[in-house]
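Note that chain A is present in both complexes that follow, paired respectively with chain B and with chain C.
Then we have the complex of A and B:
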């Protein structure tokens, strides 16, 4: 049976909180009191979650049975939903860095904005952001060449730069506009942008799909126009001009066919 | 009588010229003349002789005036500040020697601080890119003796590294480059017609912020693929011509600077430039090298990487080293209000950081260790002047091509002044006492 834990910010931290314990996986099987005793980190000190948050309700027996509702000002709280594998999380206000980082399953809904590095190296699950997302959404961790490989990210607002870097699988849908460098180095996955994109789209990418409904300020020279295609997205059909790239890169062959990144720009 | 000291290392830029001559007074206390160094290097040496030099630590008073304090009081303030702070930032390191940097890292570990060097506003993006792509590089000696294709991308050595061109990259006659400038083809990529660009065989006047596209177009041209008629304001024909010139050399080198590391695309520009270098190695021998600024910023990266595993933006607050520029980098830490104490050494964030990152320094407990009066020393609570590294004390430094060179002491510091390393050692020992570590 699904149980709900509600945590409400009552004492704002002076610095920032690293709250990598706030996830259904860690909360599962714990009472409100036990949850309030979990570690959080403010700078180089270790504190308890209960010092900053009021905890009510209780967690389910497993992560899948646990829903966490995060209330209050969490603009200075990092790592919400860190490495979660199941269950649900609802974040009512804007959150800081690393929301749903290394997430493997379950569902996170952020009602407002999230800062950079959300859905970092995500493997599965669902991340819904109803406000704007920051830079580095669904990318690889620094120095890693394996980015997001599964799951779905949906942003109702705009997203920043460098989204889907080194992406290997899964889907990112942005209803608004995006900044530069989406899908750099991507080796798979799919990015749908309903609004406008700026430039450096799909640079150094090898495989995958990028679908842009709005304008593109400047195309990458490595993307070659090939044909016009009709695609069906969200049940609606539309015509797109089709480019392949990045032609500056060396591309793999699969079943005798050379694989490229496909860029579709709505006509 | 005077003494002439030869083969002195110049502690100004990453070129670390090693042929400077310094004339000092007979007692070794006064530096009189500097030969062979460039204008900036000469000033650096002579500035140590300034009459208005601050020679004792000073505390900023409430009314804005300064009060002279002893080195011991300065040590106490610094150690107390670091012991109390929950997230101190220790920034700078690029104008001091590796020995001092290493003691600094011990302090950082004891106080579980964030540590960063000037790469944060310089070649940090290069370091991100070389972690993603690798770095096919070489030494400056190889450039001098072999390079017949030289590219300067987003840098202007004529003004920033004045002797780089005469010692290594354009004019010198090397073993396989006997005709000097005549044996080299020079390509400069810069939106402005700089003094370096004026010397180029080909000046690619790229549209501002379109370096990534141009690098990509060069790679596409190397593969003989389709190109649009114009990329970044440069015709496809000219791009293909440039690609052919690069391919036809025997040994090529790409030097790049702030123009690509700190403009739009940042690390991606370097990432693409390294990929271009790799591609060119399918045709000939090619290398790439960042034009590092401070004379020992490279060394700081080396010492950080050796002791913590990452070259800059290291966060030790949780007791182990983490690195993610954007989260752990100085400007982000300062503008986001993540830190509660600021320690600056051998650099000037007050002059180089955006004002939104400088303002917090004035409101925090802060120490600035620097022989000069700088905007940073001006906003810090404590200013600790020290001996000039490379002039009044020696120590190890790394040239821009990662070659370690020992700097030399040529003159005595003013009486009673400590070096960076001596001051930091005292801070470390006091911090150990405060933390109860033997």
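Then we have the complex of A and C:
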């Protein structure tokens, strides 16, 4: 049976809070008191969740039966939904870095904005952002070459730069505009941008799909026009110019066919 | 200093030939002694295994290429950090741990001495700063010499005496321990975009071959009578068919005898033998050459080896074999870093995942185990992972488990995706030898200590030796029900003493000890030519002055332990 835990910010931290325990997986099976006793880190000090948040309700028996509602100002709270595998999370206000990082399942809805590195190395589940997303959405951890590999990220607003870097699978849909460097080094996955894109689209990418409905400010010289295709996106058909790239990179063969990153720009 | 008496443990000490007898080990003033007074603190080791502190002969744990790995692999620290607790400072990193974590992890497994296997002389100051910041364990570092311009120029004309004088000077200014050779000539060739894949490939410009470099460095090493022998990573590492180059390299030591006062018997130490024991012509027909290589080493007493066991982990490869790392990044397409070290050496770094689902990795795992299982004399074959190249050193307990239990090996073989290929390309399935506790003590203590010329100091429990002692919570008299118990016991010692100070208790660090830097101080006859050559090279080529080259004083080597060698009478 689905149970709901509500955590409400009552004492704003002076520093940023590293709250990697705020997830249905950790909360599952715990009472409000137990949840309030979980560790969070403020700077180099270990504190309890209850020092900053008022905790009400209780968690379900498993992560899948647990919904977390995060209320109040969490602009200085990192790692909401860290490594979650199931259940739900609703974040009512704007959150800091790493929302849904290493997420494997379940659903997160952020009603406002999220800062950088949301959906980092995500493997599954759904991450819905109703405001704007920061830079490095759905990318690999710093230095790593294993980015988002599954699941779905939907941003209703705009997204920042370097989204989908080292992406290997899954889908990112941005209703608004994006900044530079989407899908750098990507080896799979799909990025749909309903608005405009800037430059360096799919630089050094090997495989995957990028679909841009709006304008592209500057095209990459490493992409080559091949044909015009009709695609059906969200039930609507439209014509797109089709490019392949990045021609400066190595490309794998699959069943005798060389695999490329496909860039589709709406005509 | 406190006195200790480790009572009733099963002692394994190849130095004294003790094979698991119940005995007491007494410690006083930092040394092993015959007996201690009644006030000595008693450690009850009943039902436990007692050995000397283990000695690591080849590991990459300090210096610029290790740090380059740390810098360019932040993901190696992801989820592997430990916060400050008790005596321990914070640490992190799985395959390239921070200096503090390196010291703690070695000590917790009962290691008390470790050798950094490749020190670029120009960066010896950096190496020593990291050694200084690695607590507990005594450490030394081997300067790399197989691609050094002085060495190439002297040995081209077979000037062994000048080479020896240069080595003596270099050991002094870099506070180095031994003569290390990595891909002789090949790394210098790499600066020209080339490589030396056989011992007869000429080195560009220098007009010398790897064979001449290796033979000349053995002669120079024995001219000086250094504690350790020439320590070699041969040409053609890691390629199918490379075992032939390995055999050619080993044959260069044929007939050469050692000359030293340290009890060392070999003239050549072949390192990470696993990487040099490959047969086949490509990655599809890749197979083990462990039998050919160990047959040769078994028959030649003037060679010692270490294994380089693949541990099936994600790790970071790093070597002064620059061309090999470039080759490797071409195979796995992961990030590559390369460094050139002026007239001395180079280095490359590439992450690597030894996956049990890839047949080549599984065969490499098997070759690494075949080597010690095929070696007849545990005093001449030492366990290493060539940390971090074949796997992190923190996996030693798992390697011990595979070596000590056929059951554990079978379980791993059955877990491989390409089990049949592992069995057809290696003989791991037919080897039923299980390494005993005594042989393990040879392969991890007495053996490497003897090879390093440290047999009077460490690697044993004879009265008068350093009180480096490890107590493991495993009873060698009882049959081992679950091989994982071996791994567990060797992972976290019940107690560890370093030079008579208890540094580990119940698997936790209880003291940072008095860590020392081992180096070799050789006195030679004045050699005006070499002196002039050195100052000329600094003026003409080096980016630093000779005055800024030496690792000198308390900042770099706060607690030196010099091993004296007198080569003035040669």
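Here is the rule we go by: the second predicted complex is superposed on the first by the 267 of 267 C-alpha atoms of A that agree within 3 Å, B and C clash if a C-alpha of one lies under 4 Å from a C-alpha of the other, contacts with A are read in each partner's own complex, and residues count from 1 in each chain.
Following the convention adopted for this analysis, contacts are C-beta pairs under 8 Å (C-beta built on N, C-alpha and C of every residue); 3 or more make two chains touch, one makes a residue touch a chain.
Predicted model, so just to flag it, every value in this text is computed and none were measured.
Visitor: Following the superposition defined at the top, how do chain B and chain C come out on chain A, clash or fit?
Guide: Superposition check on chain A flags a clash between chain B and chain C.
Visitor: State whether A:224 touches chain B only (first), chain C only (second), both chains, or neither.
Guide: After superposing on A, A:224 lies in contact with chain B but is clear of chain C.
Visitor: With the two structures laid over each other on chain A, which partner does A:171 touch: chain B (first), chain C (second), both, or neither?
Guide: A:171 sits against neither chain B nor chain C.
Visitor: Pick one for A:15: touches chain B only (first), chain C only (second), both, or neither.
Guide: The first partner, chain B, only.
Visitor: Classify the contacts of A:116 with the two partner chains as first (chain B alone), second (chain C alone), both, or neither.
Guide: Only chain B; A:116 stays clear of chain C.
Visitor: Given the touch rule stated above, what does A:246 touch, chain B (first), chain C (second), both, or neither?
Guide: In the superposition, A:246 contacts chain B only.
Visitor: Is A:141 touching the first partner chain B, the second partner chain C, both, or neither of them?
Guide: both
Visitor: Return first, second, both or neither, reflecting whether A:126 touches chain B, chain C, both chains, or no partner chain.
Guide: Neither partner.
Visitor: Pick from 39-47, 129-137, 219-227 or 327-335: which stretch of chain B gets in the way of chain C?
Guide: Once both complexes are placed on chain A, chain B clashes with chain C in 129-137.
Visitor: Could you tell me which stretches of chain A are touched by chain B in one complex and by chain C in the other?
Guide: Shared contact residues on chain A: 141-143, 145.
Visitor: What residues of chain A sit close enough to touch chain B in their complex?
Guide: Those residues of chain A that touch chain B are 14-16, 18, 41-45, 78, 97-98, 116-117, 135-136, 141-143, 145, 180-181, 184-185, 199-200, 203-204, 218-222, 224, 246-249.
Visitor: Per the contact definition, I'd like the list of chain C residues that touch chain A in the complex.
Guide: 72-76, 78, 333-335
Visitor: Across the complex, what residues on chain A touch chain C?
Guide: 140-145, 250
Visitor: Write out the stretch or stretches of chain B touching chain A in their complex.
Guide: 85-87, 111-112, 128, 131-132, 210, 212-213, 216-217, 219-220, 222-223, 225-228, 231, 264-265, 268, 271-272, 275, 279, 316-319, 323-327, 336-340
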